[in-house]
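Accompanying notes for the structure given below.
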Amino acid sequence: MLARLFAPRTTVHAHCDLPCGVYDPAQARIEAESVKGIMEKYASNDDPVFRTRALVIKEERAELVKHHLWVLWTDYFKPPHFEQYPHLHQLFNEATKLAGTAGAKGSVDVAKAEDLLSKIDEISKIFWETKQG
Amino acid sequence: MLARLFAPRTTVHAHCDLPCGVYDPAQARIEAESVKGIMEKYASNDDPVFRTRALVIKEERAELVKHHLWVLWTDYFKPPHFEQYPHLHQLFNEATKLAGTAGAKGSVDVAKAEDLLSKIDEISKIFWETKQG
Amino acid sequence: MLARLFAPRTTVHAHCDLPCGVYDPAQARIEAESVKGIMEKYASNDDPVFRTRALVIKEERAELVKHHLWVLWTDYFKPPHFEQYPHLHQLFNEATKLAGTAGAKGSVDVAKAEDLLSKIDEISKIFWETKQG
Amino acid sequence: MLARLFAPRTTVHAHCDLPCGVYDPAQARIEAESVKGIMEKYASNDDPVFRTRALVIKEERAELVKHHLWVLWTDYFKPPHFEQYPHLHQLFNEATKLAGTAGAKGSVDVAKAEDLLSKIDEISKIFWETKQG
Amino acid sequence: MLARLFAPRTTVHAHCDLPCGVYDPAQARIEAESVKGIMEKYASNDDPVFRTRALVIKEERAELVKHHLWVLWTDYFKPPHFEQYPHLHQLFNEATKLAGTAGAKGSVDVAKAEDLLSKIDEISKIFWETKQG
Amino acid sequence: MLARLFAPRTTVHAHCDLPCGVYDPAQARIEAESVKGIMEKYASNDDPVFRTRALVIKEERAELVKHHLWVLWTDYFKPPHFEQYPHLHQLFNEATKLAGTAGAKGSVDVAKAEDLLSKIDEISKIFWETKQG
């Protein structure tokens, strides 16, 4: 993966903004794994203190998933990418919505976390395709 | 504006996630006004300490503009909205990109801040239309 | 409201500090609306996961109310304002205390959120008077 | 100082809000020492990278001074304290304003940091008096 | 304590990094007192809203304890210190682990907070010894 | 890498604390790549606005490197690991110190960022060994 990080930038980066040009969907994925891990532990432990702490921490990790996805969507992806992948906007919107795990019912459902990981996987696949463009 | 905040939610909110249902593009706009104000003061003061502080603070405010826009895009707007306003995804993407004010050249250009305010205005117009739907 | 934001600054701003001169009590009000919205949803949903998430998020929004009020009190209001409105210090102190919603009993009481909104309204009224001074 | 932290709470704490009842002006003071230390190093080093980093970090520490003072003002001090010390509101307002070190000219002036430390000292003195009440 | 803060730096500081050279274990201790205070109040109040808020806030304060300890360990202590106090690495690691209060069972146990305070005390003792070196 | 994330935990995790058990040194590495990228861009662009923004952003990313390393050191690694890798404490201390890139002179030196990446690589190697233990 290190090799890929150093791969030459495609032309859409020509006028890249400052920060650094380093993006990696792994950041969102690792936090989403964490969300899933928390849900699994929540399901198997009914101590109320544990469960409250789990929900507090899950809320934070989920917020980080959203943040990392938003940064990719705004800072990494450029107009030519959105032309090439017309569903990319919707994909990001669905992924960040899933990270927010709306309804109270769904919010400790491990399957929701797996859906989120799948979406991030789709984004990741597109991301690495654009890096190799 | 208070009246509008208490206006009945449209049906797209039916399955609204927890937080509260309170969103307002004014949050992004106020921070963007701040970005513009900083750029104006930057332009008219060449004290180096002042200018460095201005850039530090502008970076923070711009980050907040992005955050507030991302929240609207992910948490407030629902699939029916994106169907009704097909350019909404792109509008948000352009607005958040402008908030990031990529290139070093543009980053203290007051006109860039005005472009950002116009985009937020467009978003705001759509937002209030959907509230009255 | 945009018009008012661009209104000429009164003389107390003559030595205005850097940031930008853009302040707006709407920032505190929107977060306080959010606190109120959360309390309402809390009251009408007894799912424990939902309720814990509600309390976590409410704690954050309340913190933001406090922050926005503190910034107004410290950064916007200047000595002449405090002379003109002798109860302004106390008003801000009461408003931020309300945002902290001290006692466990009161902390999910919607009436407390309404008190908070009233205090912010009083501050807002004074704020806009000073802008038109 | 540990002894004082464990001293019995005065009656104004009777309806103390949750968090913990632990407050200490040392938190504001330590950050203000840091602001002063940064200014001293800024004055004696004209490397531009060093100076920019100094200003970035000073901005953060100053923000923390403000935050710790705001928390004391809102969360620790209660109405009876403000009656007993009628200038306490103004003292806090002046201290937080100094922490913000408004004008560009003053913002790297070590004397400003010393003024800030004096104000915090005054607050600290009152604080410990109220603890022993 | 003020006197000590201004005491001449020992030689290990010769190449001190920018920030300011101001460190004080009191920052970690005050947050740890707060964690202990919260646990005590948690133990004596079984209102579920109160308890959830207590856990949310405790999580934040514990995170701050960790942060202040990490900063001391990385930014204040230098190689000669670690040679002089060979158990210092482990001491910090144990203290930060305690601040994280791993297992659900232990996480509202006041004794755990007291252990944490003892560890911070040990660190504090070493810290002040190195200042006087 | 996904495979490895799901590999069975070694026994030292038996009493694993809540959060989730998901750790990955990639988080520190990605931020460190970012620090390096910023330094490279800094070196090749002498626009003062660009350079100030670069330093502001680098300071943030470096702080994140430190944070991710501290979390690994405190939350992931357990006493048996430190016995097995006696230099692990020092390795983390050196890596976080490098992330802080003390002196003004070194702080925009790309070689320093490469040293940091090497240290993170060493940590990463140990991390994955302990996962496969």
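Per-chain numbering from 1; labels A, B, C, D, E and F assigned in written order.
Here is the rule we go by: contacts are C-beta pairs under 8 Å (C-beta built on N, C-alpha and C of every residue); 3 or more make two chains touch, one makes a residue touch a chain.
Keep in mind that what you see is a predicted model, and the values were worked out from it rather than measured.
For D-E, the equivalent interface within A-B, C-D or B-C is the one where over half of the contact pairs agree by residue number, namely B-C. Centroid analysis (C-alpha atoms only) places F farthest from chain C. Comparing the contact residues of chain B and chain D by number shows a mostly separate set, under half of all numbers used being common to the two copies.
Each chain gets one centre point, the mean of its Cα atoms, and the points for chain B and chain E are 39 Å apart.
We define each chain's centre as the mean of its Cα atoms; on that basis chain A and chain F are separated by 20 Å.
Centroid to centroid, with C-alpha atoms defining each point, chain B and chain F lie 33 Å apart.
Of all residues in chain C, those that touch two or more other chains are 18, 50, 52-53, 56-57, 104.
Contact between chains, as defined at the top, is found for A-B, A-C, A-E, A-F, B-C, B-D, B-F, C-D, C-E, D-E, D-F, E-F.
Of all the residues in chain C, the ones that touch chain B in their complex are 1, 5, 18-22, 24, 26-27, 30, 33-38, 41, 50, 53-54, 57, 61.
The touching residues of chain A, when paired with chain E in their complex, are 45, 47, 49-50, 52-53, 56-57. Contacts from chain D toward chain C in the complex involve residues 15-18, 66, 70, 73-75, 77, 82, 89-90, 93, 96-97, 100-104. Here chain C touches chain E in the complex through residues 51-52, 55-56, 59, 104-105, 107-108, going by the rule given at the top.
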